[in-house]
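Note that chain A is present in both complexes that follow, paired respectively with chain B and with chain C.
And now, the complex of A and B:
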């Protein structure tokens, strides 16, 4: 393994620093490590949601956006947090009560859980099970359950449509996403995240004395493009903004949610974008690896690059219609992802 | 084992943070119940009935296909994991590749069949077909 890869996981390191060992050390270290990771993501979401999203969209549409409170309007994050949490919670008539409340809980839960196996560099890596990649996909797809619960429980026709569209996006784009990830596993031969990252540290070729690492985005750029597009659909951003579609079905499954529930749904969505970026970075962009800067900075740059890409697509690309949405998934992405898997297998087989 | 303890810990934190935010909000927010506030949103009109209606899920056949392909992804993962190491340990390419090609091939034939039968198409209601305006290309 390369020198960038720190083999000690975060819980062990915390337990070591506290001088704890055994099961008590694992539990305390795990809890503190989980708390650190969750807060890292909360901070990034806080910057991304109320501030960066406005600034980026404003830059695309030639406006200024928030600039009154604090430097570059950054303190609007605090103001917005207080404002949103202190809004009245209006529960509509006839909602399906436990499901209505559980839906907004599930969305951030699933996104945060996916980050348990992501190596973020500098030893910020909570857990490294052998089935890491499958776990990340499993955790991130719990969210669609939450979306369906919100859509059905809200007792609103727009919400129902939004919930059904969320399932449509899930069933159309999850298989291309996972099959494309499987084509990377053919190279690595392991589902363990640390192993996937370590394999990408190997040099691919040397150009003018600079070793280009074997990032799978360089090895198989077609798979990378497929993965990013399927990811865009999974996180529900333009041109696959169909489940929310503000100009068609108000706000889809989140139409009837106000106050803290609204915050939780948005929190979940932004952490999902970051999880999508983190998966793309881990599978295709060498995880936290990069020259000069420390690993965690590179990891942050990579997931923010994906975030910027989603916001760019949001501003620049029109939304496709819902029937086209299924067509693109089933007639385009699925076929291409299988072609990619078979071709990768054949090429690896012939070369090896 | 310890990694699953850590993942469970993140699961606890991931439930705890939303619950904490809900608690903070419950302390901060006002409650001003008024008549009409609880009406669901239907473009400002009085809602017509509930949303628990019979609804034509257009992609029902696609959802059935999804189950097949989703199970298939689960079965493909073990193959991708052993593929390269099996090759490097001297197993013949045909022995490793052909069974999976046949497996994927059967599913692709199924997909083509469903495609040609229009199962992947967006189902149009008879009403929508009657009201369809012809475009002059």
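And now, the complex of A and C:
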């Protein structure tokens, strides 16, 4: 297994390469690093949104999907970008500006902000504060605010219903999500992302000469399952598609958004799925760790695996009703996540 | 089992009056005149005796199914005809004829006796102009509220400008708050909404996430089908229209409705060979239609991009290919003719039979897949079981038929109860489920696909062995059909969505004097408020999907 985590963070390394030091180095390195990471994600989202999503759903539903423009239809990404951005931006009467305009901006940027603390392997890691995990959750939660703004400011009843549903789902599922993450913190004793990843590199057991690392998904699979389910609700995919629910409330909070705002919201959704995958990977799957291939490739594989999972759920699982959705959140997930936390604490306390 | 008549409970049914005289005795003084319709005895009553007459017929003579209400304007009077029949014995029929004078076309409403009369009378008021006294909500139903005149009345001036536009009459941008401090919210679901399966507008009042009241607003797809049929000749010109009522692949079923009514009216025989082909084609259409229903229902419950929808479309496509081979068309088949079908099976026949057999061989596996994906899915079960409940009594009162009625445990299927075509020679079962909920209706459709497959298989066997010199596809029908003046007939067939009935009054010319379509979706859609009031929005959407309406047929 190669070095998991270079101790040098991305901004420092850029500053070093540019020969800058001190405050100027920090600023330039930080900006350039953020630029690189944001672009890495935007490229992945561009592939995921207009192309991979279609191909994956098509595979699940016995279709072919885009195959006309470019190899495997890949250039449809360009065509779609042009198409979407050249559409008319329709702003309905009576919308509440600037909330109407800020909402779609908050969604993608909150998710991007979360990626600042995610170790993506091969030294691609923007910042590593001691409160890393909390920061990631806090940043991704800002999106809820954006959804509420969109729902409330759109002057549309479907948007309002969607916005309300979005808040309800965020409150109901964010608590189990974070409580479950806290059960990992009991193992690590640190909120620092690099520390969480480093601890998972320790061997759990050795089978026939192959060391199995102590990824927390192996140590506590139950917590991993809980986390993935709560994450599914966070990113709003079936069976927790309730805030958007196209056949019920048209498109929920994004009903009144077109053109570039529509793109921003979609972008945000996909980056959120990737952030969900990144958090799951960092907390439970050893971050960028993996045999043979470089860390960054492993990291990408892991977040795409989560993306694939969300699309699979979307194609195959029915949406639950809004009251059942909240029941599952408050009566099921919350109880289970607390049980998991207490049990983990007891077991760790007894062993340690 | 299907071949037997429903066995009457020892003598109870026999005690019910069936003959015209017996019914007339029961009604006594209420009857002021008698008519003879080709399908049923007609009883003329006074305009203010409607409720009393219908109630007596329902409670004492077992006529519990108000199949249709036909209104028309005659030379000297207006007329409302209530076509009554029974869910237990479809072949018992009675027509209640209510003439009203030209200068004051007002008669008592039947709504308190049969809930289904609500919409049927609104339609009669809208198109003909008869006033139903005591009707709870006598608004226009198909045309805009501002429409001037009644288009099917005789003095309707089609050149009269429709000056009052809806925009002037009702400001679409006006505040729609009912009151300042209200707890409810009014939402327009449709006419453009992902879940309305067409241009349906459901006026919905919500209390939080729960539906307080829904009011389906229809008519967006009204294309004057009845009037168009009235202006065409019986022989060839009307047949293309039925394809356009329920266009979601039940074309042949619709054509059969017209064929049956017109053939009985003109006393035309259909050769047995053609009957088998008709049965085969009709059941193929039923499978295609049910596949679409199951797929779109899954869309409503799952959300977009669901696998089951594409699977259903894939299997429907196979049926469509068979139908295309048979009729040359994929949607607007126009394959039936009065007295038979337009042409024989495609050559080479072996290939055609093999195509059908291939489809039938794959079908059980496909259905297994559906059951894996939907009916045995726990989330879907939790979504659909005990939601959209429609008790059998309510369903009967609303005149619900087809899978909607059978999902409420009503054992009613015209193919068995009022046999036509080749159905009574074949081995198959009527499917019922008594859950009365969305899940039951879904299950009924999936199981009916199996039954249809059985019928098709038997038809293929029959057609394969049919002697070559007996393959008559059409009987000898005169070039011009001119049924006698004043003959009236009401005939139904079991379409994919339920009882599709046609009423024709001949006026001695080669065109119908009155052509009335009893659309199953129209009656079924009426049950929506009954199923969804008090439920959550998602359940309302699921209930709407489970009704499987096609707006082309609702609005005609």
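Methods note: the second predicted complex is superposed on the first by the 350 of 352 C-alpha atoms of A that agree within 3 Å, B and C clash if a C-alpha of one lies under 4 Å from a C-alpha of the other, contacts with A are read in each partner's own complex, and residues count from 1 in each chain.
The rule is simple: a residue touches a chain if its C-beta (ideal position, glycine included) is under 8 Å from a C-beta of that chain, and two chains touch if they have at least 3 such contacts.
For clarity, every value in this text was computed on a predicted model and none was experimentally measured.
Asks: Pick one for A:314: touches chain B only (first), chain C only (second), both, or neither.
Replies: So A:314 only meets chain C here.
Asks: Quick check on the superposed pair: does A:239 touch chain B, chain C, both, or neither? Answer first, second, both or neither.
Replies: After superposition on chain A, A:239 lies in contact with chain C alone.
Asks: One more residue to check, A:250. First (chain B), second (chain C), both or neither?
Replies: both
Asks: In the overlay, answer first, second, both or neither for which of chain B and chain C A:62 touches.
Replies: In the superposition, A:62 touches chain C alone.
Asks: Should A:216 be classified as contacting the first partner (chain B), the second (chain C), both, or neither?
Replies: neither
Asks: Looking at A:172, would you say it contacts chain B, chain C, both, or neither? Reply first, second, both or neither.
Replies: Once the two structures are laid over each other on A, A:172 reaches chain B alone.
Asks: Would you check which partner chain A:38 touches, where first means chain B only, second means chain C only, and both and neither mean what they say?
Replies: In the superposition, A:38 contacts chain B only.
Asks: Counting only touches as set out at the top, which of chain B and chain C does A:323 meet: first, second, both, neither?
Replies: both
Asks: Is it chain B or chain C that touches the larger share of residues in chain A?
Replies: Counting residues of chain A touched by each partner, the higher count goes to B.
Asks: Take the contacts of chain A with chain B and those with chain C, and give the residues found in both.
Replies: Dual-contact residues (chain A): 93, 157-158, 250, 322-323.
Asks: Can you list the residues on chain C that touch chain A in the complex?
Replies: Counting only chain C, the residues touching chain A are 173, 185, 187, 193-195, 209, 298-307, 309-311, 314, 373-374, 377, 379-380, 382-383, 536-539, 541.
Asks: Under the definition above, what is the set of chain B residues touching chain A in their complex?
Replies: For this pair, the touching residues of chain B are 2-15, 17-19, 21-22, 24-26, 28-32, 37-42, 47, 50-53, 55, 57-59, 62-63, 65-66, 69-70, 73, 76-77, 80-85, 87-88, 93, 96-97, 100-101, 104, 108, 111, 115, 120, 122.
Asks: Which of the residues in chain A end up touching chain C in this complex?
Replies: 57, 60-63, 93, 157-158, 161, 238-239, 241, 244-250, 314-324
Asks: Which of the residues in chain A end up touching chain B in this complex?
Replies: Residues in contact with chain B: 9-12, 23, 26-27, 29-31, 33-35, 37-38, 42, 82, 85-94, 104-105, 108-109, 112-113, 115-117, 126-129, 134-135, 152, 154-160, 164, 167-168, 171-172, 174-175, 178-179, 182-183, 185-187, 189-191, 250, 255-256, 259-260, 263-264, 267, 322-323, 326-327, 330-331, 334-335, 338, 341-342, 345-346, 348-350, 352.
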